[in-house]
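Reviewing the structure listed below.
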Amino acid sequence: MSQLWSKGLPLDAAIHRFTVGDDPVTDRALLAHDCVGSAAHARTLHAAGLLGGEDLAALLVTLKHLHAEARAGRLSISREQEDAHTALEQALTARVGAAGKRIHLGRSRNDQVMVALRLWMRGAVVEVARNLVVLAAALEARAQRHADHALPGYTHLRRAMPSTYGQWLAGHAAGLIEELEAAQGVLARLDRSPAGAAAGFGVPLPLDRALTARLLGFSAVQVSPVDVINSRGRHEVALTGWLASIAGVLEKLHWDLALYSTEEFGFVRLPDAFTTGSSIMPQKRNPDVVELARARCRELRGYARLTEELASGLPSNYHRDLQLLKSPVVTAVTKALELIDVTRRVVEALEFDLERARAAVTPELFATAAAYARAEAGEPFRDAYQAVAAELAAGTFEPPALARAAALGAPGRLGLAELERSISREAHEWAELEAELEAVERTVFVTGDR
Amino acid sequence: MSQLWSKGLPLDAAIHRFTVGDDPVTDRALLAHDCVGSAAHARTLHAAGLLGGEDLAALLVTLKHLHAEARAGRLSISREQEDAHTALEQALTARVGAAGKRIHLGRSRNDQVMVALRLWMRGAVVEVARNLVVLAAALEARAQRHADHALPGYTHLRRAMPSTYGQWLAGHAAGLIEELEAAQGVLARLDRSPAGAAAGFGVPLPLDRALTARLLGFSAVQVSPVDVINSRGRHEVALTGWLASIAGVLEKLHWDLALYSTEEFGFVRLPDAFTTGSSIMPQKRNPDVVELARARCRELRGYARLTEELASGLPSNYHRDLQLLKSPVVTAVTKALELIDVTRRVVEALEFDLERARAAVTPELFATAAAYARAEAGEPFRDAYQAVAAELAAGTFEPPALARAAALGAPGRLGLAELERSISREAHEWAELEAELEAVERTVFVTGDR
Amino acid sequence: MSQLWSKGLPLDAAIHRFTVGDDPVTDRALLAHDCVGSAAHARTLHAAGLLGGEDLAALLVTLKHLHAEARAGRLSISREQEDAHTALEQALTARVGAAGKRIHLGRSRNDQVMVALRLWMRGAVVEVARNLVVLAAALEARAQRHADHALPGYTHLRRAMPSTYGQWLAGHAAGLIEELEAAQGVLARLDRSPAGAAAGFGVPLPLDRALTARLLGFSAVQVSPVDVINSRGRHEVALTGWLASIAGVLEKLHWDLALYSTEEFGFVRLPDAFTTGSSIMPQKRNPDVVELARARCRELRGYARLTEELASGLPSNYHRDLQLLKSPVVTAVTKALELIDVTRRVVEALEFDLERARAAVTPELFATAAAYARAEAGEPFRDAYQAVAAELAAGTFEPPALARAAALGAPGRLGLAELERSISREAHEWAELEAELEAVERTVFVTGDR
Amino acid sequence: MSQLWSKGLPLDAAIHRFTVGDDPVTDRALLAHDCVGSAAHARTLHAAGLLGGEDLAALLVTLKHLHAEARAGRLSISREQEDAHTALEQALTARVGAAGKRIHLGRSRNDQVMVALRLWMRGAVVEVARNLVVLAAALEARAQRHADHALPGYTHLRRAMPSTYGQWLAGHAAGLIEELEAAQGVLARLDRSPAGAAAGFGVPLPLDRALTARLLGFSAVQVSPVDVINSRGRHEVALTGWLASIAGVLEKLHWDLALYSTEEFGFVRLPDAFTTGSSIMPQKRNPDVVELARARCRELRGYARLTEELASGLPSNYHRDLQLLKSPVVTAVTKALELIDVTRRVVEALEFDLERARAAVTPELFATAAAYARAEAGEPFRDAYQAVAAELAAGTFEPPALARAAALGAPGRLGLAELERSISREAHEWAELEAELEAVERTVFVTGDR
C-alpha cells in the first residue's frame, strides 16, 4: 500500500502510469525543499502541542539527513511512490517509525507541493538573478573598454547616427538591470508562506502559520487557503514570464551578433573555438552558438506560453490538471541558466573589428549634428533640417566639427559609472538574499529560536 | 508637405495607407500625453539656452490649450498627418509660428512616441489599479456578510471539505491584492524617463535629461538611449502580461459563478436584470454576462500574446514594426477596465441560496476533521486516516463535534480584518499616485519650480 | 420588445452594453450571409410543408432585397437589436408581416450564426486564395526574368553557395503554392452544412437538412448537432492558423528584403515612392513598408493565438463565450488580404543591384563544387572535402569550371515551368470555386430546382 | 576528428555542449529514417554513375542492418557525434570503409535532416490517425448502445433541450472524423521529397530527384531547394497544430466527463480502478485521469505554440535556430498518442447513471417542442414562442406528446449508420497508408525496381 491516498483499491496500470507521468523525475527538484517544508511543519505541530518533543527531534534529524541526500542527488522516487511527498513520508516512516505517520497531521499533499514549489521557485529567482548580475558585469566591462570606439547606430537597419561599441553594449546591460529590478516583483509574489492551506480550505487545528512562515524565511503568511491553491499557476506564469522578458533582452543581443558578424557588416567576430563548420561546404565557419542562443530565447518564450496554457481555464480550487505545471517551469529555469552562462562566455570572447566599424560611420551620419549646429546658431530646427537635406541632395554636405557637449547617455557621456553602481547594488542585494535562503536551510532542522 | 520626415518625394498611395495604418485613430489616446511631453521638452530646451523665453511661453500656453482639447476629444489626426506627433507639431506651428519649428530640436518622433506611450501606460496602470481596489472591496464586503455561511469546499470538482461563502469570496479578493502589489513592479519598469533618447543614440546637445524627468514626474532617467528603444515592447508585454494575470484571477471567479449558478449546483443566482434568454427555448434564463466575462479573461490573455508576438524577434534599435504595438495595448487596457467594472456589478448583484449550500455540506466532508480529532487524542495521523476510511466504508462514520480552534485562513478564522487592511492600504497608495499624475499635468505647462 | 429572446424583463444597461459588445459592428460582415442562410432555411421549411408558398415567395423577395442592401453596406444593426440575426428578423417582420415571425421555426440563433459564419469563412478562404495566386504569379514572373542572375546563397547568414535571384524568388512562390494546396484542407472542414443543428441538439421537425445543404452549396451535411456547435472555434482556429502559415512564408520574404536592402548587403532597392524619411535625420530613406509587412506577419500569428485562446477551455455545447470569436477572425482576414496586396506591390516594384550581387558570389562559394568535381573523378567525398578545406586554408584554392549538369531545383535548372503550371492550376481551381459561390448567392433567392 | 564539419580546430567545451543540446537523445527518433533516406540517396548516386555497384551493395546491406538496430533501439549517438547523421556516417565508414565516405556526395546534413524528419513526421501522422480511428470507433460503439437513453442537452451550462447519451458520444466521434479528414491536408504538405536540396540551393550534379522521391514513397519532388529549407518549421507547425486541434476535440470530452461525474450532475461514473484518493480526506475518490487528460489537451496546445515560436521570426534559408524544433515535435506526438490511448480506455470504462439522467430531462426542456407543435398547427413561431413562455410563467405548461419526426442528427435519428461508415472508410484508408510506408522500409534497401 504505497500511495498516501491509497485505501487498498486496485488501479488500472495504464491509467496509473498516465496519472503519475513525469513526476518521479520532475519531483527530484523538489525533494530537498520538501524536507525543509516538512521540518518547519513538524516544528509548528510541536509548538501547537500536536507532536511530542522526541518525535520532533527524531524527525528533524532524519529530515536533515534526507535533505543532504536529496541535495547530493542520492534520493530517488519510484513509480509506485508517484511523487516526492509519498517518497518522503515513506522514507521517514521507514527510519523513524510512528513519528513518520504523525507528520501529515494538519497538511495535505496540496500544500506540501505548494510549499516545496514555492521554496524552489524562490531559489530559482535568486539563482537566475545572481547569474544575470555576472552577465551584466561582463557587458559593462567590455562597454568600458570600448566606450569611445565608433560604431554606426542603426534605425530601420539603416545607418542613422554615430554611436560606439560602448553605447551598444551598455544598452544590453541596462536592459538586464531592469530585469533584475523586476525580479523583486516576482519575488514579492513568492514571498508569502502557503503552509497551512491544506486541501485549500485551511486546517481546523490551532497551528501557528506565522511560525511556519518565519521558519521558512517568508515575510508573511498567504492567509486565504483558497488563494493559496488558486495562485498555483499564477506564480509559475509570473516566473516564466520573467524568464521570457530576460530572453527578450538577450534575443536582441544575439540577433545583433548574428548580424554584426556577417561578412557584410563585419563589426564583430567569434573566435574559432566558438564556431562550427558545414558538412558540405569546406569554407564555412558558422556562428551556431549565437543562433542557438537566439533560438533559446524564443524557446523560453514558448515555455512561458506552455506554462500559461497549463495554468489557465479552470475554476477555483485544486484540480489534478495543475500537476503538469511542474515540468515546464523546472525545464525553463534550467534552460535560462544555461543561456545566461553561454551568453556571458560569448560576450567575453567577442572580437571587434574596430577599423571596419569606424569606416562605416560615414559623413552623412552627422547630418543631424549639422542641423543641430544650425539650430544652436538660432535657426528653427525644422528649417535647419530642410537646409541640411538640401545640402545632402546637392552633394554639398560637410559634417560639422564634433559636438562639445552631449546629453546623458549619448556618445561621450554614456553614464557608465551609473551603470556600474547599479550592477554593484544588484550584486550586493542578491548575494544577501542568497545568504538568507542558505540560512533557512541551515537552521530549520535545528530546534531553537530564529 | 505634411509629414515631419517629408522632403518632397511622392509616396505610393496604397503603400502610404498601409504604413499609416490605424495610427490616426490609436494615436488619439496619446495626443494629450504628447502635449505634456512636449511641454517638458520645451522647458528643458529653454533651460539649456536653446529656446528663448518668449518662444517657451508661447509654446506652453498653446500646449496647455491643445492638451485640454485632446482631453476633451476635440483634437483629431488626419491621414496625411499620420500620427499624433506630426499633428501636434503642425498645430503648434499654425498657432505660434516659428517657435513651433523649434520644438523638435533635440528629440525625434521615436522618443516623442516613447514619452507619450510611457505616460499613457503609467496612467493606465494607475487607472486599472484604482478599479481593482473597488472590486476587491466589493468582494470583501460580501465575504464579511457571509463569513460563516456554509458552502462545500471542492477539490477535483468533488465535495471535499467544509468551507463558507466568505472563505470563497475572500480568496478572490486576496488574489486581486496580490495583483495590486505586483502592479508596483510594472510601474517600476515604467517609472523612468525615456526623454532624450532621440533616435536611440542620444542627443549631442547639453540637454538636462534629469530636469525633463522631474517635470514629467519620473523617479529617474532611463540613461541608455539604446535601452530606451529596446524597451519598446518589453514594457507593453509587462503591462498586458499583468492584465492577463488579473484576468487569471477573475477567470476563476467567473468559472465558479458559471458552475455555482447551474441547476445542479444552485448555490448562486443572478438577478433577472443580469440574464438573457434564448431565441428558441422559451424557458431559458442564461448567465451570458458571466460567460462573456470569462471569455474576456481569455481575450486579455490573447491580447497579451498578440503583444508579445509583435514585440519579439527583432535586433536592437528602432524598426517600424514596433508601430503595431500601440493598438493592442490600448485595446487591452480598455477591455480590462470594462471587465473589472462588470465584475464588480455582478459581485454586488449576486444572490445566494444559503439553504441549498448548507445542505450540500454533507457529513463525509468532516472526515478529515474526524481524523484530526483522533490525532489530537494521540493516534498517528496516517493511522487515524485509515481508521476513518474504514468507518466510511462500513457506513459507521459520524462527524465529530466542531473544532474549537482553527489555523489562520480556515473557516471560523478567515482573517478578513487583515484583508480589509490590505485593501485600505492599496486604496490609499493608488489614490496618492493618481494625485501625483494629476499634479504633473497641472504644473508642466506652468513655468516655475517643481 | 426588441431581442429574439426577450420576454419583457428589464436588463441592466451596463450589463447589456457588455453582453452586446462589438456585435453591431462585427455582424455587418455576416448580414448578407444571414440572408442567404435564411432563404435556404425558408425553402426547406416550405419543402417540409411548414411554410406556405405565398409566405415563402414574400420572404425570398425580401431577403434578396436585404441581401443586396447588406452587400452595399446599407443595412445596419442597432445596439438594441444586438446582432445580425435580430436585425434581420425584425426587418423581415417589418416588411412581410407574419411570414417574418414564421421563419425562426426549426432553427435558433446558434445555427443561424453557424450558417452565416461558415458561409463567410468559406468565402474568405476563396478570396484570400485568389489573392495569393496573384502574388505567386508576380513572384514567378520576376523569378523568370532573373533566373540566372547571380546572388549569394546564405546559410547561417553567411555566404555559402552560388544561387540566383530567380532561385530566391521562386522559393517564396513555391511556399505560397503549398499554402494554396493546404487551403483545400481548411475548405474541407468548412464544406459541410451546419443548418439544422438548432440549439445544438437538432430539430424535432421533419426538415430535410440535405436540401438546405444543397441550396447553400455545401457538399454534405454536418450530421451531429453536438459536433456543429463544438466545431465553433475549431474552424476559426483552422482558418486563422492557415493565415498564420501564409504569414510564415511572407515573413521570410520581408525579412530577406529588410536585410538585402541594407547598405551592407545592397542587393535590393525599394523605389522612393515606397520609402519614408526620418523626422530628425535628413539623410534617411527607410523601408517602413517592408518592416510593417513583416510586423503584420507576426500580427497574424498573434491573431491566430487570440482566436485559439478564445476557442479553447470549454465543455461541449454552446456557451456565450464563443461570441467573442467573431471579431478577431474578421479582423485577421482583412489584415491578411491587405498584407498580400501590399506584398505584391512591393514585389513588382523591387529594383535589383545585379552587379553588386554578382560580385558577392566570391570564389570560395564554389568550394563544394570543387569537392564535387574531385568526387566525380573518383575520390570519396569526405576525402575531397578535406582536401578542398586544406587548399582553402593554404590559400591555393581555385574555383572549378562550372558544372555541366544540375539536379532539379538547382541554379541552371530551377524548374520554373513546373512552378508556372502549378500557379495556372491554382488560378483555375480558385476561379471555379469563386464562380460556384457566386452561383449560390444568385440562385438561393429564386424558387426552382438546383 | 568526429564531426562531419570538423577541420581540426578546437571547440570550447561549454559552447559545444550547448550547441549539441538534446540532439543525441532526440535524434534517436530519426536514426531509422536516416538509414532509409541514406539508402535512397545511395541508389540515386548509383543511378547517376556517382557510386559503384559494389559500394552501393555494401552500403545497402549495412544500412538495412543499422535500420534494424535503430528500430530495436540498439543504436546510440554519442555527445561527440552530436547528431544522428554523424553517427550514421561514422557507423557506415567503420563497417564498409571508403564507401561510407562516398555517401555524403550530393547531399548535406541539412537535407539529411529534412528527409529523416519528413519521413518521421509522415509516419507520425499515420500512427496518430490509426489510433484516432480506434478511439472514434469506441465512442461510436457506446453511442450505438445508448442512442436513445435520455440525457439533458445543455446550453450555457443550463438544461436546454432533450438529448441522449448517444447524441453526446456521437458528437465527439464526429469531431474526430473531421480531424482524420483534416490529417490528409497535413499529409499533403509532407508528401513531397526534400532530398536533393543540399544546403538549400540544390546540387550541381545530375542526380535524379524524382527517383529518390519514388524510392521514399513520396508523390512528388519539392522542387525549390530554398522552399525545402524554408518549409522547416512550417511543417512542424502544421503537424503540432493538427495535434492541438485533436486536443480541442478531446478537451471538450474530458471537460464533459469532469462535469458529468460530479456529485451534482452525476450522469457518469468512473470505475474505482480509474480514480485516486486524497492524502488528507479519507472519503475522496478523484477523477484524476480525466483532469490530467484535460490538462494534456492544453499541454498539446502549449507544444504547438512552443513549436510555432521556434519556427518563426527568421529570414530565408538555414539557421541553426531550427535545430531546437525537433524536440517539441517528437514530444508532442508521443504525448498525443498516450492521450488518445488513455481516452479510449476511459471511454470504454465509463459507467452511466441512466436513471439520474432521465430524471434530469425535466418537462420544461420540451418547451421548444411545444412551441413547434403550435407552429405546425399554423401559429407563427415567434407568437408560439411567446405563448409557451406565458404558460411557463403561469405554471400551466404541459410538455407535448413526443415528436413523430425529426431532422437528421436529432434524437431519434442520430445518423449513426453514416458515422459508422465514415469510421470504416477512415480505418481502411489509414491502414492502406500504413502498409505503403512499411513497403518503403522493406524495399528501399533492396536493389531492384519499384
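A, B, C and D label the chains in the order they appear, each numbered from 1.
Just so we're on the same page, a residue touches a chain if its C-beta (ideal position, glycine included) is under 8 Å from a C-beta of that chain, and two chains touch if they have at least 3 such contacts.
All of these numbers come straight from a predicted model, not from anything done at the bench.
Participant: Using C-alpha centroids, which chain lies at the maximum separation from chain D?
Facilitator: Centre of mass proxy via C-alpha means gives B as farthest from chain D.
Participant: When I count C-beta pairs in contact, which pair ends up with more: A-C or A-D?
Facilitator: A-D
Participant: Let me have the rounded angstrom distance from the C-alpha centre of chain A over to the C-alpha centre of chain D, please.
Facilitator: Roughly 33 Å separates the two chain centres.
Participant: Indicate the whole-number Å distance between the mean C-alpha point of chain A and the mean C-alpha point of chain C.
Facilitator: Taking the mean C-alpha position of each chain, the two centres sit 38 Å apart.
Participant: On chain A, where are the residues touching two or more other chains?
Facilitator: 7, 104, 155-157, 160-161, 198-199, 259, 278, 280-282, 284, 286, 288, 291, 298, 301, 305, 308, 312-313, 319-320, 368, 385-386, 389
Participant: Taking the touch rule as given, give the residues of chain D at its contact with chain C in the complex, in rising order.
Facilitator: Chain D reaches chain C through residues 7, 50, 89, 93, 98-106, 110, 153-157, 160-163, 167-168, 170-175, 178, 181-182, 184-186, 188-189, 196-210, 221-228, 230-231, 233-234, 237-238, 241, 244-245, 248-249, 251-253, 255-256, 259, 298, 301, 305, 308, 311-320, 368-369, 372, 375-376, 380-383, 385-386, 389, 393, 402-403, 405-415, 418-419.
Participant: Can you name the residues of chain C that touch chain A in the complex?
Facilitator: Residues in contact with chain A: 155-161, 258-259, 262-265, 278, 280-288, 291, 312-313, 364-365, 367-368, 371, 385-386, 388-389, 392, 397.
Participant: Please output the residues of chain C touching chain B within their complex, sorted ascending.
Facilitator: Those residues of chain C that touch chain B are 3-7, 9-12, 14-15, 18-19, 21, 85, 104, 107-109, 198-199, 272-274, 276-282, 284, 286, 288-289, 291-296, 298-299, 301-303, 305-310, 312-313, 319-324, 328, 338, 341-342, 345-346, 349.
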